[in-house]
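Here is the structure we will look at.
Chains: A, B, C, D, E and F, in written order; residue numbering restarts at 1 for each.
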Amino acid sequence: MTTALYVGRFQPFHHGHLHSIRHVLKDSSEVVIVIGSAMTSHQADNPFTSGERIEMIHLALSDQGIGRDKYQVIPAPDVEVHSVWVAHIESLCPPFDVVYTNEPLTSRLFAEEEYEVRRIPFLRRNIYSGTEFRKRVLENEDWREIVPEPVAGFLAERGLTERTRRLNLSDRL
Amino acid sequence: MTTALYVGRFQPFHHGHLHSIRHVLKDSSEVVIVIGSAMTSHQADNPFTSGERIEMIHLALSDQGIGRDKYQVIPAPDVEVHSVWVAHIESLCPPFDVVYTNEPLTSRLFAEEEYEVRRIPFLRRNIYSGTEFRKRVLENEDWREIVPEPVAGFLAERGLTERTRRLNLSDRL
Amino acid sequence: MTTALYVGRFQPFHHGHLHSIRHVLKDSSEVVIVIGSAMTSHQADNPFTSGERIEMIHLALSDQGIGRDKYQVIPAPDVEVHSVWVAHIESLCPPFDVVYTNEPLTSRLFAEEEYEVRRIPFLRRNIYSGTEFRKRVLENEDWREIVPEPVAGFLAERGLTERTRRLNLSDRL
Amino acid sequence: MTTALYVGRFQPFHHGHLHSIRHVLKDSSEVVIVIGSAMTSHQADNPFTSGERIEMIHLALSDQGIGRDKYQVIPAPDVEVHSVWVAHIESLCPPFDVVYTNEPLTSRLFAEEEYEVRRIPFLRRNIYSGTEFRKRVLENEDWREIVPEPVAGFLAERGLTERTRRLNLSDRL
Amino acid sequence: MTTALYVGRFQPFHHGHLHSIRHVLKDSSEVVIVIGSAMTSHQADNPFTSGERIEMIHLALSDQGIGRDKYQVIPAPDVEVHSVWVAHIESLCPPFDVVYTNEPLTSRLFAEEEYEVRRIPFLRRNIYSGTEFRKRVLENEDWREIVPEPVAGFLAERGLTERTRRLNLSDRL
Amino acid sequence: MTTALYVGRFQPFHHGHLHSIRHVLKDSSEVVIVIGSAMTSHQADNPFTSGERIEMIHLALSDQGIGRDKYQVIPAPDVEVHSVWVAHIESLCPPFDVVYTNEPLTSRLFAEEEYEVRRIPFLRRNIYSGTEFRKRVLENEDWREIVPEPVAGFLAERGLTERTRRLNLSDRL
C-alpha cells in the first residue's frame, strides 16, 4: 500500500493528466496530486486559479469513477529557492513513498533527496498539452478534444476559454 | 446544497474543530477546510506542518464516519497584506457560499466583501484549544482528552508532542 | 525653496499630524508625505488601508486651505531590511532636502545617510495619537476630538470606526 | 463627477501618456494615475525609479496647465499573484469609478471584478512608446520628440538617458 | 577531521561566542560560523548589520590567534518557513559534519534531519549575552567587559554603541 | 592597503574568475568576493548552490597559493529592487574601497552611489564563461579546460556535471 506523489500545473487538466493518474493508481493505493505554481493565474501560460484547477480535477476524476478516497489535491505555491523545494513539498503534504514525474527539474530534485522517482508513459503528448490547448483556443480550433468532457463544459460555462484567449492576445501585442 | 468555508490553524486538530465541522455539515453539503498559516511550523504556537495537520484531519473525520466526499482540505499560506486575504482565498479554493468563523478578523474581512458569515457555538472552549494543548504537553498533564483518539495516537507515534514540548521550552528560556 | 519629507502611519490622520504638516510648511515650500506601512491594514493597530489614509489626508488639508501644490502623498510599503530603508524611500519619492520626524529609528537611518533630520514639536501627544484614538473607539469614548472634523465624518460614514472596534476586540479575545 | 483610474509604467512618461490623460479628463473630474511596477528600476526595460517617474508626470502635466487638483499619482509595487491585483489596487488608492486601460491583462482583471473598463485611442503608437524611446537612446537617434519638452530636459540633466543607454548595452552583451 | 557548524546572531560578538568557538575547535578542524538573521539590523534587539558582525568576528578571532583557515563566516538570511531552514543552510554553506547549538529550535530542526547536534557549555551566561550588552549600553553601565577588547574598540569608533542606545530608546517610547 | 569588492555568479568558478582575482589582488590587499544570486541553484543557467560555489572558490584559490587572509567570500541573495542593491551589499559585507566589475548594471549602480568602479581585462572570454561550460557539458565536449583542475575534480566527484546536464536538458524539452 503505497502513496504516490504526482506534480502538475494543470493549465488546464487534460487527457494526459487523467491518463497519468490512472497509471499511478495501478501501483499505488492513493495519489497526492500537487498543483504546482498554485498562486499563479491570469497569465498567458497559466490562465487558471488554483481553485479552478481543483474543480477541474474533481470533475474529471469523479466522471471516471475515481473516488475521493483515492486521491487528494494539494495546491503548492512556488518557492524561488529550488534547493528547498523538496523540503517545502514534504512540509505541505502528507507522507508519500514514490514520486511520479517526467519533468527533469522535479525529477532531479527528488532524486537528490533519495526519493524513488518514476517516469510516466506519455499519451499523445503533441495533442494533450496545455500549450496545444492554449494555441487552439486562440486560433478557434477544436480544444474540446484535449480535455475530459466535464472539464470542457466547466471551461465554457465559466468563461475560462474566453479568459485564456484574452490573456494570450495580450502576449501577442 | 451549499458549500461552506471553514478556516482554522489546527495546531493541533482538537475536539472543538471536530464539533465545528459537524455543526457546519448540518446545513451544508460540503465543507472546504482551509488550513491557515499553512507554511508556518516548528514554532511554539504553531508546531505542526501543513502535511501533519492534513493527516490529523483525515484521521479524525474518518474515525467519525465523515467521508472525503463531504470535505476537502486546502492549505493556505499567510499573506502579509490583509486587504487581499479574501481574494487570496477565493483564488486558492473552489467556490463557497457561506463562511463559518468565530475569528473577528476573518469575519470582518469576509463581511466587507459581502459574504454571509456565520458563527459557530463553542464547545468547552477553555479546554478544547491549541493553547491548552500546548500548556498540558509542556506541564505533563493530560493532553489526550483534548484531541480525538486517532489524533492522540498520531501525535505520540510521530514524536510530535515531543516536538511541541521542545519548541515551547525554547520560548521560556 | 526646500522640499521636506515627513513620514507617518496616519492610523488615523489626527490633529497632531495636521499640526506637524503646518509646522513643516513654515520652512519648506512643499512636503512629501510618506504613508508608512502602506500595505498594512485590517490590523488592530493599523486598521486603515493606504487608500483610506490618502482620503483622510486630502480631506483634512483641503479643509485647512492647504492646496495640493503644497504637498504630495506617497504610500511606501515596509521593507524588512532596515539598512535599505533610506534607499527605498529615495527610490519611491521625488528628491527632498530635509527630513522631519520624531521617530528614533527613522531619525537614525536618515542621519546615518547624512540627511538633515529635524524634530517636530508635539501637540498634546497624550491625546492626539493613534493609540488614544483606538482606545476611545473601543471604549465608546469621544474619539471625534482627536481628528479633524472632515476625517471624523469620513470615519463614521465609511464604517471605519466600526472596523477599528472589531479588530481591537479581536486582540482582546 | 467621476474619478478615473489610469495605470501605466511610464518608462518614460511620453506624449502617448499625456494624450491619454487629456482624454480621460474629458469625462472624469479627477484621475488617479497608478505607476505600475513602482519598485522596478535600473533594468533595460524599466530604467527609471518611481520617484523619477513622479517628477516626469508633474513636469509634463504642469507644463500643460493640468493642476494637481485634477490628478494624483500612486506608485504601486507589483504583486506576483495576479488574482489579488485588483484588491491590491483598491487598497492602495482612493475609490475610483472607471478604469482606463488598453492593456489586456489589466483590462481582464478589472472586468472580472465588475469594473467598467474603457479603452483609450492610441496616439501614433509606433513612435510614442517606451520601447521606441529606449531604441532611439541606444542608437543615438532623436528621442526628444517622443516625450514632452520638460521631460526631455529632465532626462538629459539628470543623466537618465545615459543610464538608459548603459542598461540597454548590458542586455546586448 | 570534521567540519562543525555554529549558528549565532552575534548582536554583538561577545566573550560567550568566543568561548564557544574555542570549544568547537577542540574537536573540529574547521568551523562554519553562520550569522543568523543576516539581513536584520537597526532594530533594538538586532542593531548591527551583517557586515559589521563579520568585522567583529574577524577582529576577535584574529586577536586570539585563530587564523582564517580555521573558520569561515556565512551570513544567512532568515526564512519564514521553519521546515525548510535546514535545507536552506545546507544550500548556503559548504558541507558540515556536526552542529553546535544550545538554541532549542535550531537543535530540533537539525535533529529532525538526522544531524548530530552537540550542546556547548555556557560561559557566565547572565553576563555574556546580547541582552545584557544592550541593557548596559542603555543604562550607561560597563558594557566593555562583555565583548573582546578589539570588538569594544570597534563598537566605540564606529558609533555603534550610540546606534544601539538610540534604537533601544525607540522601543521605550 | 585597499579592500576590493568583486561580484560574480561563479556558475561555475572558471579560469576567467581566477584571472580576475589575481588581477584585483595586484592593487588591493584583500578582496571581498560576493557570490551573486546566492539562493539560486538547480536552474539551467545557475546549477550550483552557494555552498558548492564557496567550495570551488576555496579549492581554486588554495591550489594557487592564495591564502584565506587575502579574500573572503560572502553569498548575497538577489534583491528584486535594483535601486537598493548597493545598500544591500554595503549591509552584507565588510567595508570596501573600490569595486571591480565588467557587468554594466553592477557598474552603473555602484557608480551612481559614488564608488570607484574599475574594469577587469577579460581572459579568453569566448572560452572562459559559464555559458560555454554548460554548452560543453551538454554536448559532451571538453569542459575541463574551462575550470581550474581542482574545480574539475570537484564537479565530477559530486555529480555536478551530471546535474548541469539534466537541468539543461530540461530547458530543451
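Here, contacts are C-beta pairs under 8 Å (C-beta built on N, C-alpha and C of every residue); 3 or more make two chains touch, one makes a residue touch a chain.
Computed from a prediction, not measured in an experiment: that's the story for all the values here.
Both copies, subunit C and subunit E, contribute mostly unmatched positions to the interface they share, with under half of the numbers common to the two. Of the pairs listed in B-C, E-F or A-E, the one whose interface repeats that of B-D, with over half of its contact pairs matching by residue number, is A-E. Set side by side, A-E and C-D show the greater C-beta contact count at C-D. Separating the centre of subunit B from that of subunit E, both taken as means of CA atoms, is a distance of 37 Å.
For the pair subunit B and subunit F, the distance between mean C-alpha positions equals 46 Å. Subunit A and subunit B have Cα centroids separated by 27 Å. Of all residues in subunit F, those touching 2 or more other chains are 39, 41, 49, 81, 83, 90-91, listed in ascending order. Chain contact topology: the protein chains form a pattern that is neither a line, a ring, a star nor a complete graph.
A list of each chain pair in contact follows: A-B, A-D, A-E, A-F, B-C, B-D, B-E, C-D, C-E, C-F, D-F, E-F. Subunit A meets subunit E in the complex at residues 79, 81, 83-84, 86-88, 90-91. Taken in their complex, subunit B has these residues touching subunit A: 38-39, 41, 49-51, 54-55, 58, 67-69, 72-75, 77, 90-95. Subunit A meets subunit F in the complex at residues 80-83, 85, 103-105, 107-109, 112. Interface residues of subunit A, counted against subunit D in their complex, comprise 39-43, 49, 163, 166-167, 169-170, 173.
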